[in-house]
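First up is the structure itself, then whatever we jot down about it.
Think of it as A, B, C, D, E, F, G and H in the order they're written, each chain with its own count starting at 1.
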């Protein structure tokens, strides 16, 4: 059966960070598939993935990459789907992957989220917001999850009084 | 009649940059409304806008702000809709508004695009990609626009041979 | 009984850093209350806190937040009280929270101090300076604390001769 | 007659930026004096100014400086008054004066505001917030000014509908 | 007849900078072709160019791009030829295109030169050094050009005595 | 017998990073020699190395250095050979060695690769690409190595399905 | 008996880094005294030290400080002696102390060296170069030390052949 | 007759900035010679200049260079004299030349001053401080010049009262 979100990353070493996106999607009941695709080492496969993404039923693509992070840009150039980019930076303070992801030229946007694991989670949350526009059930789960987040902060607040 | 995209910005001085988003949406046939709302100077109005956004028919929000750019974050905190943030930087090389927009904590994502006018345009292009997920007509216009962009590059390429 | 300084932070994980502000205030005999309030996850509560701050007797607000640090800005937008912002940065070298805190637009200032625990302490020291303007007893304790700081450096200096 | 706020700057070339602080204070009815004092070229005079500031009736000090901006730090080290620092950066993107102003060690805080003219204005606005804690008339003027700022944004908002 | 160096750039607006590379190659007698190819707007054409580059006789590729500069990386991923990347930065101080060009992952190198026109020239000079390894005539012209550069500095030196 | 690639570094402490370049060259069957030469502490020896490099049979030079990384620039100034620079940064986020390596003036290019070990490897891969222009056997080994890299990503991709 | 070099630092926690300067001076036979003086916590003592430095026989001052590093600037403003500044950075990648030390205004120079322990050593080496201008014995020791440094690199080079 | 200070720069385009150093030295009565020497384009001449500097009577060297600014480092590596480095930055916010100048490895210090014209002046002022250690007449002129600087600030201060 077709999945809704494609999570791609440039290297298996990105898995521990990017699986946080899968966990958020699981909690919200959004199906996903995960692929290791390199813009530079497997350009054909990355291209193929992007070209066929919509026909295979994907609604949007989450792409995580580090260093000169081109994977999200490649997805956005080839596919018509919304692409969310997660900068997976380590060297140069993380500025390399952030700037290589967010500074896309007009017409080929990448919706960029925060650097690292916080960003991997937020890529999933952004996917949920987008998909909830036409999925009332998901929307209700999103609202419930937001309420739970709020409750958790309130609890933390109460716990220190 | 209700609009589809809300374009908000923190100051009237942001208008020359942010109207580039409106122009792209116009070209693609997506309706929009534009508001000047300050996260800091009109927090009530910004809050009210975000709280009522969905009920007034908005599908998503594009927020542009400079310096300590909080407007997109406020929108994302209050509203359940997808929020696209445009960093409108001038001082400190533009790093202030970029980092203040993109580095959102888990659960409250802002889909950040490039700094300045390129980003304002891409906010609109990202809105189009999202809306096209459930609007086949818009999708066809998006594909045509993408083809036109490609053609323009090919023409430029031909012109220098 | 009402407290003088409100210390707010965006997440319970900020507690180990921000309690350094409480310790300085304790040493100087300034009463404080501490709250976990998120500009993005509990915007209503953050707003409510800021709106009622002065009526509950608070004289000023110390706000610590990381990443796209908006909490101090929200406080300064809603409340008329002086707001002191502590950038709690970890990613991107700490530049994200610093710039998101300090670069406030005209009319809505946040008195920003250093990044991290040094800043949490200095937020308290700045509060003491402000409150001492109209509290002669506190002023004397401040002068004594300053003398003690000086003495400690002199002692360290003597210890290496 | 004694003034309430001391505005100091490191060089006459800083005047066009720093007089924005004086203008805000004038609008709010707060008296001020302005001095050119260099932490490095007139250290004695800078020291003398800081030592005598409180006895001459000053309640707080606004210090603007560029490059390796030490003037605010000198004021905070010598005087017990609250010191607000304005980074007047030009070279290295403005990062030099920002970091040299904000990164003060524990016990000697400088309340840092934004780089450049926005910061000069906000230094005055922060002074107003502090002084309004014990001056109900000033507080009312501050509230009125805040209402006017809000009104101005609302007007701008209305003007583009 | 086949050319030796392929100069590609992402947009016609890059032409004024990138033609400096052509001029240096002309002076050294190295043939070149120039193409406008966008990694994001014409990914098929960019891919096609890279795939066929060697068979059409190209020895190496010079790629200039700005913002999230992916063009050089795409060339290096698809083609086996040496790729020289020119960061054409304007926003964010030029750090975006520099980091997006140089921080390539192991196995897919881009030989990165300086930002802007100095880099466009040096891309050509690097091409000359590489080609001269197996072209004694070119090597002699390179040595002569180096001698001329040295002479020019010596002349400038003499002119100020 | 003469070697093909000269790997030089500024300090023995750079060895653990730079030997990654030697390993890649070994795998591809390219001979190399390694030298510790400091642009600042052994300028005569560094100069001598560069002057004689070509006559001793070297085809290109890989230079790794940290901090104010001048070694690659010295090589490029003295020798006519292609020079590949590896920024070995630790302090200031690695920006010091990156900028000191890549920002060479026109006429004296250094082909700069990524910071640290990824860069050391890529310096070797760039050397392979250059040398393969006139060595069909090496070219075949390069193509095989590229195929192996692709296969490894495909395997990783398969392993997570 | 009077010392030749004054080594000052802002805090006892700087000692492990700054004593590297003393060790280099010891090896070269230059006498020194060490003081903990804070530009902000002991401004009087710092001022007194600088005012009397020359009369007590000091020839130059080495000042190490972190964060908003003002100590070297204070020394250079008050004393006529050459002042060498060591940026002792930890937060914000070390950029805060570097910029706060090096960006001094015209007429009040601080000779700035590298960040951290490398800089502490180089402050001493710079002192040696300056003092050797009028001390032939020291000059000979400096030349010998330079020769030893060269020899050490040559040895390291030999050790890897 | 032999000169006291050697002012070197990498390119004739640096002259408008670097002649500010000559003007300060003229005002203080210190003789100087000026040379255009490139670490990369005229390495032999730069080396020769540094090797013979002391024997020709120079006491110290001021070196200005931009981009990957290696000239001061070359001088410090070859000559035993104190070397003062002026970062002449334009691209990348000036960070390239600053970091390439200041981050020298232990044993080979460059006394770095501010970026650009302020730095060119301060290089001269630092030279004066060093030379005044053994030249009482120059010392008196330095003290007078410092007094004049102080007077100028005091005058500016008086002019705005």
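The definition used in the following text is that a contact is a pair of C-beta atoms (placed from the backbone, for glycine too) under 8 Å apart; a residue touches a chain by one contact, two chains touch by 3 or more.
Note that the coordinates shown come from a computational prediction; the quantities given were computed from them, not determined experimentally.
In this structure chain F contacts its sequence twin chain G using mostly different residue numbers, the overlap staying below half. Per-chain CA centroids place chain F at a distance of 34 Å from chain H.
With centres set at the average Cα position, the gap from chain E to chain F is 18 Å.
Taking each chain's centre as the average of its CA atoms, chain D and chain E sit 49 Å apart. Shared interface positions of chain C, defined as residues touching 2 or more other chains, are 11, 38, 41, 67-68, 91-93, 95, 98, 102-105, 107-108, 110, 114-115, 118, 149. Across the whole structure, chains are in contact as follows: A-B, A-C, A-E, A-F, B-C, B-D, B-E, C-D, C-G, D-G, D-H, E-F, E-H, F-G, F-H, G-H. Chain A contributes residues 11-12, 15, 34-38, 41-42, 45, 67-68, 91-93, 95 to its touches with chain F in the complex. If you check the complex, the residues on chain C that touch chain D are 59-60, 80-84, 98, 102-115, 118, 121-123, 125-126, 129-130, 132-134, 139, 142-143, 145-146, 149.
Partner chain C is touched in their complex by these residues of chain B: 10-11, 38-41, 43, 47, 66-70, 73-74, 76-78, 91-92, 95-97, 99-105, 107-108, 110.
Contacts from chain H toward chain D in the complex involve residues 93-95, 98, 114-116, 118, 149-150, 152-154, 156-157, 159-160.
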